[in-house]
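Chains: A, B, C, D, E and F, in written order; residue numbering restarts at 1 for each.
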C-alpha cells in the first residue's frame, strides 16, 4: 500500500476566525436547512443550530457560523436574506486544528480514504471518509459500521508492527 | 391560621386522556407560543414543545398536547388552523394525579396559597403559587425565592409539632 | 391556470401506525444521518431525533420512527444493523391526516407545486414544495422566502374573489 | 396609504455589547421565566435559555443575556438574586443590526404595523407585529397566519409596481 | 481464549412494559440526577431526561422511565417523593430486545467483556463493556477509544476466518 | 452552633479564563461522559454538553470547557485524545464569582455543609452540599428535598433575629 497524501495540513492556530450567531424565532425549518447549505457553499467552515427558548414561549434555534473574518460580509448577507433575522452578533475565536492527512486503504469492497489527525506528532484520530463508506455500504448491502471498522483495521495493519513481535 | 381549602381533588387515575402530537418544521416560533396559549384556553391540560431534528437538516419542534379524549376534535382543529401541520397523531395515556389541596399561609408581606400534594395520604409536595409569590416579589422588591422559602416555612410551622418537643 | 391534482388524499384516520423508538447513546452522528436516510427509503413515514440525557453523563439521542405496522420487521432490522441499539420499543398511535391535494401555480420564474391541506373541507394549509422553490431560488439568485411568498400569492389570486368586490 | 415611520434605526454595528452567561442546574423552571422577565425589563436586549447537560447527570439550562456593557452591574445583580448561580461569565460581542423602520398597513380587519428590515439599502425582512396580529386573530376568530399573510400582501401591493406592467 | 458466557438472553418481545413520564418544571437539576439513580436502583430498565419548553417561558425537562408494569407503584412513589411532580402519565410499550451474550477477550492490558447482540441469528452489535475499558484506560494512561478498538479487533480475530484465506 | 469556614473566597473578577469548545458529531455518548470526568479532574472549572444539529442530518453535541488559560494545553490534549475532534476553538471570557463561604448546620439527622454566596455583601445564595444531603437521604430513607429544606431552615434560625421580635 502506498501513501496517497491529499490536503495535508500542519497543526496550527488560526487567530482570524469569527463565530457569527443569530437567534431565529420565526423562520421555517426547511429554510434553515437551505440557509445552512448556502452558508457552507459560501465559505463558512462550520454551521450548526442549537435549540433555544426565547421570550413569549417561543421555541427557537440559534444559528452559529464559524468562518474566517474575511467572509463576514458575504455570510451576513446570506443570513439577512434567507432567514428572518434583524440582527447578528459575532466575536473572535482562536481555532486550533490538528495536523490532517489523508491516506487510502483497501477494504475487500474497495478503497476508502481515511482522515488521519496528529496532535504534537502523535496520531489521535482515524476517521474513514463518510462518503466512501456510505457508497460501499449501499452498493454491497453492508452495515455502514462494518466498512468503518474494516477501514480502520486495515490502516492499523499497514502501520503497526506485527502483533507477534510485540 | 385556618384551612382554606380550594379545589381539593382526591388522588386518582384518569384513563380517558390522550397525548396528541405533531412535528412542526416550518412554523414560526411566535405562532407556536400563540398556539400554546389557544390550546390551553381550549381545554388542554398541558402543552409543551420538544426540540427535534427532522430530515434535510431541519431544526424542528414537536408539539405535545395532553388532554381528555373529548377535547380531541377542538384541539385538532386549532393545531391544523394555527400551525403548518398536515397530520397529527395521538395515543391513550393513563394519568395518575396525586391529591391536591390548597391552603393559605400568611407571610410578612401578605397571603400566599400553597398547593399541597398527597400521595397515599402522605404530604409529598408543597408548592407555593407562582402568581402570589411573583406579585409580592415585585411589590416588595424581594427575590422570588425568598417568598417561596418563607411560605413553605410558615406552612411547616403551622403544621408540625414544635421543634423543642422532638 | 389549470388544476393539476396529484396524489390527492382524503382526510382520514389511520389506526395501523406504530411509533418505534430507540435510545442511542454510543452511535456516531454521521451514522445516524445515514440511518435516517435508510429508514425513510424503506417505508418509514417520518423519522426524527430528540436530544436526551442518559445515565453516566451520556449525551444521547432518541431515534423515533413513525411507520405502518407492516413495516416493523424491516425497519427494526435497519435500526439493529445500522445503530448500536440492543433494543427498540414501539406503541400504536392513531394518525389523523388532513386532505392533501397538489396544485401548480406559475410564478414569474417558473412553476411551483403547492400542497394544499383541507380540514373538514376548509383550506388550512398552503405549502409550496421545497424542492421547487429551492431550484428557482438557486437558479435566479433570489431569497427562498421570495419564492414561497410569490407562490402563495399566486395561489390566492387564482382562487379568491377579487378584492375590490369584497 | 401613508408612511407612518416609528423608531427608524439605521443599519449599524454596535461594539459595546456583552454576552452574559450563567449555567443554572438547581433553579426552578418557573423562577427562570420570572428571571427572563426581570432581565428584559431592566435593559437586556435579548434573553434566552439553552438546554445543557452538566456533571452528575444534571439536566440544566444556560441563561444567555445580550446587553450593553453599561447594564452589566444591574443585570448581574438580578441573576445572583433570582437564580441559584454562584458565578457568571461574559465576553464582548459585536452586534450588527439592519435598518429598522415601521410602517402601518390596513387589512380588512384593522391596522397592522410591519417592521421592515433593510440590509445595504435592500428590503430583506417584512415582519408584521405579533401583538397586532394576535389581537385581530382573537377578535375576528381568524388563524394568526391569515393576518400575517394579509399584512404582507397589503404591504407589497402598496410598494410594488403593478403586476401587469412587469 | 474460552467462551465465558454471562447473562445470555434470547431475542424476545416483552409486552408488559410501561413508559412512565412526568414533566418537571420546578425541580433542581441535582435532585434529578439523584432521582435517576434511585429509579435505576429500584427496578427501572432505563431512565432519561428530555429538554422541553413549558408555558410561561419555563425551561423544563421530561423524565422518562421505562419499566415493567409490576414496578409502577414503587417507581411512581419515588417520582412523587423526590421530584416536584403532581402527576405522572404512563402507556404500554412493546420492547423488542435482541439476543445478548457476553464474551471475554484478552487485550494486551487485560481482559475486557464484550456484549454481543444477535438479531435473527446474525451478530449486529459488539459493545465492549464501558467499565472494563474505563479501568484499563485510567490504569495504563491510554485513550479510551484505543481499548474499545483493540477489544473489538481481538474479538474479530477470535471468530473470523483467517484473512489470508478470504 | 459555631462557624466553620472553609475555602472562603472573596467576590472577584477573573480575566484569565477561556471557554474552549468542540463540536462532536461522531463520538460515542459513553466516551463523552468519560471525557467530562477527565477534563474535570485535570483542571477544568466547568464542563457541559449542548445538543446541536450539524450538516447532513447529524445529531451532535457541543463540548464546552471553562478553564484558566494556563490549562489550555492539557485540556486540549484530552479533547483530541478522547474525542473524535479534529479542531477546537477558544475565546477569552471574564468570570465574575460571588463570595463563597461554607458553614455547617446541624439537622436532626446529622451535619450538612451549606455554601453561602454573597454579592456586594448581601447573602444571595444558600446551597446545601449535595453529597451531604444525598448521604443522609439514603441513610434515613428520607426525600432529598426534606434534607435541603431542613438545612436551609436551620441556617436561617441560626442567623435571623427571632421572629417574635419583628
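FYI, contacts are C-beta pairs under 8 Å (C-beta built on N, C-alpha and C of every residue); 3 or more make two chains touch, one makes a residue touch a chain.
The structure displayed is predicted, hence computed values, not measured ones.
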Any chain in contact with subunit B as well as subunit E: A, C, D, F
Interface composition of copies subunit C and subunit E: same or different, split at half: different
Chain whose average C-alpha position is farthest from subunit E's own: D
Subunit B and subunit F, separation of their C-alpha mean positions in angstrom: 29
Subunit D and subunit F: spacing of chain centres that average the CA atoms, whole Å: 31
Rounded Å distance, subunit C centre to subunit F centre (Cα mean): 41
Contacts with two or more other chains, residues of subunit B listed in rising order: 26, 30-31, 36, 49-51, 53-57, 59-60, 81, 84, 91, 124, 130, 143
Chain-level touch network, classified as line, ring, star, complete or other: complete
In the complex with subunit A, residue positions of subunit B that touch it: 24-33, 36-37, 49, 51, 54, 56-61, 84
Residues of subunit F defined as touching subunit A within the complex: 23, 26, 50-56, 60, 62, 76-77, 80-81, 84-91
Residues of subunit D defined as touching subunit B within the complex: 30-31, 34, 51, 81-82, 84, 130, 134, 137, 143-145
Residues on subunit E engaged by subunit C in the complex (per definition of touch): 17, 19, 36, 40, 46-51, 61, 64, 66, 91-98, 100, 115, 117, 119-120, 124-125, 127, 130
Residues of subunit B touching subunit F in the complex: 51, 53, 55-57, 59, 108, 124, 143, 149, 152-153, 156, 166
